[in-house]
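Following this line, the structures themselves.
Below, chain A partners chain B and then partners chain C, in two separate complexes.
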Partner chain A sequence: MPGNSSRKVYVIPCSGIGKMYGLLGREAALKTVKELRPDKAATMCLALLVYGDNEARKEIAGARCITVDGCPKLCAAKNVEHAGGRVVERVRAVDAFRNHRGVDAGTAAHLTAAGWQIAEELAADLAAKVDRWYDAGEEQ
Partner chain B sequence: MNEEGKLSIGLISCSGEACPGGTISRLATQKVLRSIRPGYHFVTICLPLFMAGGEEERNFARDYPTITIDGCEKCCALKATEALSGPVSGKVVVTDLVAGERLGEGTLATRELTTEQKAMVDQVAAAILEQVDKINREG
Partner chain C sequence: MAAKYVILPCNGLDKEAGCLARELALKMAAATGSEIICPVLYQTAPSRYASLLQEGSLVVIDGCATRCASRIAANNNLKIYRKITMAEEAKKRDYNPGPDWRVGAGAAAFVEDVWRSWQPVFMEAEAGRVPGENAGLFAGPLEYAIHRHDKFIFRVPLAGFYFNENDCWVQVEGNRGRVGISDYLQQNLSDITFVTPPDPGTEVEQFGEMGTIESAKAVYELVSPVTGRVVAVNEAILEAPELINENPYEKGWIAELELTNFEADREFLLDGQRYMEVLKEKVADFNAGK
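Let's turn to the complex of A and B:
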């Protein structure tokens, strides 16, 4: 688990192992926390949080969280809220396809070049959201 | 058995967003799902959906042999499946197979995998298939 200051904004994707949207959202979230906003953002294993790991729940309690879901069940958003996180943005991977209708983005196992491009666009959008919430401060 | 006469086996991988073992466990699970194993039908389940109350998913894990694949020693997939659906038929833990220092730290995107980490994916996939064979032997 990455060590985080309480100010960091959490970007938490659904586990989404069965569909391409899950993989795309996960890769976008990882790019955001690892490459684009490593000083402002962090992630956490959703399953660890849902399972009730005390350390994980303590870390997320009241923290600003951006969830990224791959399907309409919105497991990440619902579970993060249930675990005590403050979900400030609910992002759906499918919405990143608005300008890419009909594109072959890949499968649940791998993304095509077009899929990676969409993931990068989604990551840029997530980074902007992280900036907004990070800069807004704790009271927002 | 499913309607095609194949043995259905559930594969439940940890979500593992925050550790390299999670990415490796997911990729290994995907590899097994895509593998051609005559006589078997592999099914995967999103772990947080399963944990958060997906009755269909819980019933599947109760009724069919299920293998959990965990990326770290916290074993979220194993513990959750046993708590919600009963004993699993097989388990694989990446950190039992690969020393933690070789796995690395932090998050791991799929396109960042080193040659060594790709070999780990193959190793974990082979371990899952060993569990499949064990289930077959033990009926």
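Let's turn to the complex of A and C:
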């Protein structure tokens, strides 16, 4: 149905504070929505959902969301679901390291060049996921 | 060794103010050996941070005006030692956070400047400085005028205190002034939950902002009755803001200033007697629903 696919896909990372994987996921998510797919994707500050901001919850209600988590606690996936978002993909930053074993990606504060490279790869993957869900329309 | 400070920063995601809050948190953590709390994980699994929060003083760093970090702290009844809001820091410095999320050179310099201004506050506390070292200089009021209305009793010191119409007072000794809020205002605000005093070193102008007070009812912007430089803040009210409710003219003082223009400032202030008349009008207006 025309118009159904016009609602942006949300890419929501965990806060990315305190762990390198979180930082990497955060940077990848931001690159996706700010640079790679600004017309198809948007993001939302997870803390807004977590403390129960009504406007944020309304915005996310029923929307297709791709969550990006750093650690196994899956804060983003759980909180977005709890807030009423439709989590269509649960991405874990740690999985982006499958082809990069032993690489020093940086710290919770700063990524190394190798870390940025992995973040770029993850962002490309997220952009492809955004395309798929955006083009599929909201009923999918 | 346990961390002296525990930092609860804004999530720092999609607005530059948030990214700046995150950068400041990282900088402060590195400089002071503090621990950072992930605001989202804290909400999801608070027990993870329970011991940290018992050991260190909590510093909240908000990004934008939504103040998520503060709200998360309030929702969880966390006692806040210091609050820094990047949007306000930006306003003070005429810095305009934009839509960028990458911290460029300008933003990095801004964060550095904010940290430079806050660093002495944390370092003074580290050094165990006794706040209010001039405590003996300011004796409490000797005599109060009383105004009763229904079950309420409002007190106004009769001598040595000057007020502005914003219900803030200054007690003057030589070139020093101690400032606070009136009994009327503290009763209006009800239970005070948090105080953000002006930072030491801040130059304040008469009728300029000198911090905020928050209660369950409102956030109140303090209006300075005098011009001067902040030389001390009452650290006790940071830990126990209820002191302002209990004793607004003595234990609940907010900041101490080195006065630079008091003779001129005084022309625009009310002594205790005149302020009492203003107070009576305010009480009457309030009860008339004006």
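Criterion: the second predicted complex is superposed on the first by the 134 of 140 C-alpha atoms of A that agree within 3 Å, B and C clash if a C-alpha of one lies under 4 Å from a C-alpha of the other, contacts with A are read in each partner's own complex, and residues count from 1 in each chain.
The rule we apply is simple: a residue touches a chain if its C-beta (ideal position, glycine included) is under 8 Å from a C-beta of that chain, and two chains touch if they have at least 3 such contacts.
The model shown is predicted, which means the values in this text are computed figures rather than measured ones.
If you put the two complexes together on chain A, you find that chain B and chain C bump into each other. Taking chain B and chain C in turn and counting the residues of chain A each one touches, the greater count comes from B. Of the two partner chains placed by superposition, only chain B is touched by A:Trp116; chain C is not. With both structures placed on the common chain, the touch criterion links A:Ser15 to chain B and to chain C. Judged by the touch definition given at the top, the superposed model places A:Tyr51 against both chain B and chain C. When both complexes are overlaid on chain A, the residue A:Gly62 reaches neither chain B nor chain C. Residues common to the contacts of chain A with chain B and with chain C across the two structures: 13-18, 22, 26, 30, 33-34, 43-48, 50-51, 53, 73, 75-76, 78-79, 109. Within the complex, the chain B residues that touch chain A are 13-19, 22, 26-27, 29-31, 33-34, 44-49, 51-52, 74, 76-77, 79-80, 106-111. Chain C meets chain A in the complex at residues 9-15, 18, 22, 25-26, 30, 36-41, 43-45, 66, 68-69, 71-72, 75, 101. Looking at the complex, you find that chain A touches chain C at residues 13-18, 22, 26, 30, 33-34, 43-48, 50-51, 53, 71, 73, 75-76, 78-79, 109.
By the touch criterion given at the top, residues 1-2, 12-18, 22-23, 26-27, 29-31, 33-34, 43-48, 50-51, 53, 73, 75-76, 78-79, 82, 108-111, 116 of chain A touch chain B in their complex.
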